[in-house]
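Down below are the structures I want you to see.
One chain, subunit A, appears in both complexes that follow, with subunit B as partner in the first and subunit C in the second.
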Partner chain A sequence: MRPRRLSAPVLLLLPAFIVLAAVVLVPLLLSLYSSFTPFRLTRPATFFTFIWFDNYISIFASRDFWWAFGRTVLLLTVALNLEMLLGLGLAMLVEKASRGQRLLRTLMMFPMMFSPILVGFQFKFMFNDNVGVVNNALQSLGLSNSAIPWLIDGGLAFFAISAAEIWSSTSVFAILILAGLLAMPKEPIEAARVDGCTPWQTFRYVTWPFVMPFAYIAMTIRSLDVARAYDIVKIMTDGGPAGRTELLWTLISRTAYGDARMGLANAMAYVSIILSIVFTVYFFRKLAAARVQIGAEW
Partner chain B sequence: MATVSLKKLTKRYGNLEIVHGIDLDVADREFIALVGPSGCGKSTTLRMIAGLEEISGGAIEIGGKVVNDLPPRSRNISMVFQSYALYPHMTVRENMGFSLKIASRPQPEIDRRVAEASAILGLDQLLDRRPSQLSGGQRQRVAMGRAIVRDPEVFLFDEPLSNLDAKLRTQMRTEIKKLHAKVNSTVIYVTHDQVEAMTLSDRIVIMRDGYIEQVGTPDEVFRRPATRFVAGFIGSPPMNLVEAEIRDGKVDFGKGETLPLPRQFKGKVSVGQKVVLGLRPDDLYPSGHGIHSGEEEDVHQIELPVSVTEPLGNETLVFTEFTGRDWVSRMLNPRPLKAGDRIKMSFDLSQAHLFDAASGNTLRS
Partner chain C sequence: MMDDNATARFKRRLLKIAHQVGLLLAMVIICLPGIWIMLTSLRPPVEIMAKPPVWIPQEINLDAYVAMFSGVGKGGIPVLEYFRNSLIISVTSTVIAIAIGMAGGYAFARFRFRGKSGLFLGLMLTRTVPGIALSLPLFFVYARLGIIDTHFGLILAYVALNIPFTIWLIDGFFRQVPKDLAEAAQIDGCTRWQAFWQVEFPLAGPGIASSAIFAFLTSWNEFALASQLTRSVNSKTLPVGLLDYTAEFTIDWRGMCALAVVMIIPALTLTFIVQKHLVSGLTSGAVKG
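Right, the complex of A and B next:
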C-alpha cells in the first residue's frame, strides 16, 4: 500500500496555517484560557487551576478597574473630539494656502514622527512644576504666581496627558480631513455660494457632509489608538498620582508584570478589547452611513 | 428688470490677462450665448458675472446696479454648471429646494415650488433619489430644476449640455428653449458648440482669446460675419476660406486660378490687396444641385475634379479640388459621384465674403 499523500491545496496552504496557528491562534487560546485561572508568573503551577469566571467577577467588582475604564473612555472622548476640531481647523487652513501647501502638509505631520515615549518625556519636562516651560511661561506672563502642580494633581495631570496625546495625534485627523477636502469636487461649493449660502452655511451643508466620512476614518483609527493608550501615560505619570491617571492598559500591565497576576490581567485585557471593538463598530457604522450619504464610489 | 452690462470687464491671473476689457449689454429677458473655442475666456466671463471669480478691472451691472463687490448670493442669479455640481448627499428634492431652505422660506412654499419645477422638467418620479442614482441626462435636469426653483433674475449656463450624448443633447436643447419661453428670465449661455448657440439664442457673442469678435443675431453672424474667425467658426460644415490677391476685377488664387470679383465688393478693394475669400458650402454646388440666392449672373461655373464625397442621405457633401485645396460643397438631390469625376461647379458669388488677409476684418462695409 502506498502512503497516503496530502492533496495539493492542503499541502500548499499548510505552511500558512501552521504559522498562523503558532503566532496567533495558540497564544490567543492560551491567554483566553489563562483568564480563567489564577495564573501568576511567579507560581507556574497555578496555570493549571481552573477557576471559571472568578477573575471576571473580581474585575466587575473592582473599583480600580472601573475607574481606569471610565478614565479611558473620558480620554477617548476628550481627545477624539478636540483632535477632530483642531484637525478640521488645521486642514481647512492648509487647504486655503495657495502657496507652500506641500511644506505645510509636511510640517503638519511632524508630531507623528516622534515616538509616543519621547512625546511623553518632552511633555513631562514641559509640565514639570519647577523647571517646566508651561509654569515658566505662566509666571513670566503674570498669569500665575505659584508653581502649578501639573503632574501631581489628578485633574491637572489628566489635562497634561490629554494635551500630549492631542499634540501628537491631531495630525491624523488633519491629514485625513485634508485628503477629503482635496478630493472634494469644487463645483458643489460654488453652487452653494450661488444658491445663497454664507461661508458658514456652505461649510455646514456642503463641505462637512462630504468630509465626514474622512473624519470617521480618523475616528476609527484614533479610537483604537487611544483605547490602548499606554506609553505617554506610563512616562508622564505612570498612572499616578495615587492611581488618578490610571488607564486600562497601565492598570493591565501593572497587574500582569508588576503584580505578576497574569490570569487576572488577561481577563482585564479581554474586557477592554470589547471596549475597542464597540468603538470601532460604532465608527464603522457611522462611516458606512456617511459614505452612502455622499454617494461615494469607494 | 434684469439687464446685464459688462463694462471694460477684465480678468488677469497674475500678469496673464485672460479677458481683455470686454463690453456687452444684455437686454432684459434676452437669451444670449457666449460662444467660442475652448480656452477663449467664456467660463471666466460667466464666473465673473456670477461672482465666483473676482474681476480685475471694469464693472458688471445687473439690473442697473453695479455688483462688482457683491458675493454670488446677493446677485439674484442661478447657475447651471457643466458638471452639474449637484449636492451628492441630498436627494433630488433637497437639491432643488436647498436655495429656498437657505433663504428660510416656509416649507409649504418650498414644496410647492419644487413640485412646479419638477413637473416642468419631468422629475416627479425621481424626487427621492440621490444624484448618484441618476443618469447624466437626469442629473442635468435636476441642475436646471435647482436653478429655476429660485426664480432668479438671471440664469447663467456653463456648457450645460456638453457632458451628454448627442441625442440627449439635441433633446435637452429643445427643452431649454421651451424653458426659456416659460420662465422668461435673462439667460447667459456659454457653449463651444455653435449649433447650440445658433438654435437657442436671441443674440450670439463670439469670443476669441479674451476678446469679443462679434455680437449679433444668429442670422447676422451667419450671413454677415464681421471677421474671418467668425466666418470659420459659425456654420457646419465650415465656410471655405482661401487666401487670394485682388487683380483687375478678379480674385486671384495664384497659379492662374481665379474667380471674378464679387459685385458687392466692387470699389471696396484695391488692386494688389491680399484678401481671404469665403464661400459657404451652401453657395457652392454641382450645377443643377443647388439654389442660388442672388442674381443668375453672379453664379460662376468651373469644371472641377471630385476628390471625396460624404453622402448624408438627403444631401451629399462633395469635396472638389480647386486652388490646390479641397472646397466643400453641398449637393442637394444628390446623384452618385465618385472620386476623380469631373463636374461643373456653381459658385454663387453673390453670397461670397471677402476679408482683409492681415486684419481678418470683413471688407463689406
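Right, the complex of A and C next:
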C-alpha cells in the first residue's frame, strides 16, 4: 500500500507542530512526570524515584501554596475586571473626543510597549518610599507627613502591584474596544435615540452587545499572557515582604531555583498551567458565543 | 422655557468639561510614568535623591548614557553585549516564527479540515503555559543538551512562544484577502504557489509585517524564560540585565532609568509603525471567524 500523500493543511501546519511539540509538549510531559518524583537539582538520582501524588498532597496541604494561589486568583480577578471597566471608559472617552483622536489613540497604546519587567521597574521606582514620585508628591502637597512604605507593607505592596498590572494592560482593552466602537454602524444608536431610549439604555442594549466580542478578544489575548504578572512582582517585591505578595508563579520560581526542589515546583507549575488553561478556554468560549450572536444579528 | 434651555445648555457644557478633564487625567496617568523615567535618566543623582524633592530639573545631562555605553565602567553592566544578544535573539526568532506562522496561518485561513477550531484552541493553549512553568522542564532539558546560556536555546524557545499568536494574526490577515483573487490568478495560469506569492502575499504583506513586529516585541520583552535559560554575557538579554541592576548594586536609579529608556526605544518605534494593522488583524480574525 502506497503511503497517502499528506494533505496541504497538514503539511503547512507541520513545522508549527514540530516546534511546539519539541519546545512545549514534550518538556511539559517531562515536567508532568517529574511532578511525581521527589526530584532535586542537587541530587539527580531522585529523578527516578516515583512517589505518586506525594508532591500534590504536600502542596495542597501547604498554607503558603494556598495563600499564593488565592492571591493570584484575587489579583487576576481584580485586575481583569478593572482593566475591562477602565478600558471601556477610556475607549468611550477617546471615541467622544472631537479633535486629536489620532494622537489620543497613539498615546493610548503607550503602556502596551512596555515589557512587564519595565512596568515593574517603573512602578518600583515611583512607589519607592524614599525617592519615589508618589511619596514626593504626597509630601509636597502636604497630604502626608511621613514616607508611606508602599512596597514594604504587605497590603500596600499588593495595591502597588495591582496598579502596575492595571496600568500596563488597560490599553489592550481600550484599543480593542475602541476598534469595536469605531466599527459600529451609527444607525442603531440613532434609531434607539429616536425611540426614546435613555443614554444608559442605548449603551446597555445597543452599544454593549456590539462591542462585547471585542472586549472578549481583549480578554482572550490577556488570558494568553496572564502570567506576565510574574515579571512585575519579581522586580517590584520578589514576593516580599515576608511572602505577603507571593504569587503562584514567584512561589514556583523560588521552590525550583531557590530551594532546587524541582519535583515539588513542577507540581505547582501544573496547577498554574491548569489555572491558565481554564482562564483561556473560558474566554475563548465566551468569544465564540459572542461571535455567533453577532453573526446572527449583523 | 428659557430656563429649561439654559439648564440644558449648562448641563451640556458641564458634561463637555467633565469629558475633557477625564480625558486629560487618563492621558496623564498613561504617559507620566514613562516621562518620569526618561526625565530621571537625564538628571544628576543628587537631584533624584534630594529631600525635599526637586520638581523642576536644574541640570540635564547625558552622563548616565555615556557611562552605560562606555563599557564595563561604573555600574559594571555590559549593556552593549546585552543589547547585541537581545537583537540577535529577537530578530532570528521572529524570522523563523513568521515563516512557520505564515504557513500555519494560511492553512487556517484557506483550507477546511476536520477539528479546525479545536486545533486552533489547542495552539493557543500552548501559548497559555506560564513562562515560569515552562522554564522548569526547559531548564532541565537544555542543561542536558548543553544549550543553556546559548543564543540557540533562547531562539528556539521564542519561536515556540511566538508561533501560536503569529498564526492567529496571520490567519486574520489572509482572511481579509478575497479568495477570488488567487482563484482568478490560477485560472489565468498561475500555479497555486505563484498565486500565493504574487497575489495573496503582497496583499497580506503589511499585516504580516506587523505580526513580525509583534513577535519581535514579545521576544524583546520576554523575561521569565530568559532569566532561567541565560547565565552570562553570552546570552543574557536586556530584561534580565535590568534585573541585574537591582540585584547586584545599591540601586543606581539613574542608571536603571537610562537602561529602561534604551529598552523602550525600539519597542516604541516599532509599535507606532504597526498600531493600525495590529488591531485590524486581531479583530478580523476573531469577529468574522
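Throughout what follows, the second predicted complex is superposed on the first by the 267 of 298 C-alpha atoms of A that agree within 3 Å, B and C clash if a C-alpha of one lies under 4 Å from a C-alpha of the other, contacts with A are read in each partner's own complex, and residues count from 1 in each chain.
In this section, contacts are C-beta pairs under 8 Å (C-beta built on N, C-alpha and C of every residue); 3 or more make two chains touch, one makes a residue touch a chain.
The structure presented is a predicted model; accordingly, all values stated were derived computationally and were not measured.
Partners subunit B and subunit C, brought together by superposition on subunit A, fit side by side with no clash. By the document's definition of touching, of the two partners only subunit C reaches A:256; subunit B does not. In the superposition on chain A, no contact is made by A:144 with either subunit B or subunit C. When the two complexes are overlaid on their common chain A, residue A:190 makes contact with subunit B while staying clear of subunit C.
Put subunit B and subunit C next to each other and count what each touches on subunit A; the higher total goes to C.
Look at A:123: by the touch rule set out above, it reaches subunit C but stays clear of subunit B. Applying the stated contact rule after C-alpha superposition, one finds that A:90 touches subunit C and leaves subunit B untouched.
The gap separating subunit B from subunit C at its narrowest, counted between C-alpha atoms of the superposed chains, is 8 angstrom.
Overlap of the subunit B and subunit C contact sets on subunit A: residues 294-295.
Every residue of subunit B that touches subunit A in the complex is listed here, in rising order: 50-52, 71-73, 77-79, 81, 83-89, 98-99, 102-103, 130-133, 146, 150.
Residues 185, 187-188, 190-198, 201, 205-206, 209-210, 293-295, 297 of subunit A are the ones that touch subunit B when the two sit in their complex. On the subunit C side of its complex with subunit A, the touching residues are 19, 22-23, 26-27, 29-31, 33-34, 36-37, 40, 48-49, 52-53, 55, 99-101, 103-104, 106-108, 111, 113, 117, 119, 121, 123-141, 156-157, 159-160, 163-165, 167, 217, 220-224, 227-228, 239, 242-243, 246, 253, 256-257, 260, 263-264, 267-268, 271-272, 275, 279-280, 282-283, 286-287, 289. Residues of subunit A that touch subunit C in their complex: 7-10, 12-13, 15-16, 19-20, 22-25, 27-28, 30-31, 34, 89-90, 93-94, 96-97, 104-118, 121-126, 130-131, 133, 136, 139-140, 167, 171, 175-176, 179-180, 183, 213-214, 216-217, 220-221, 223-227, 230-231, 234-235, 249, 252-253, 256-257, 262, 265-266, 269-270, 272-273, 276-277, 279-281, 284, 287-288, 291, 294-295.
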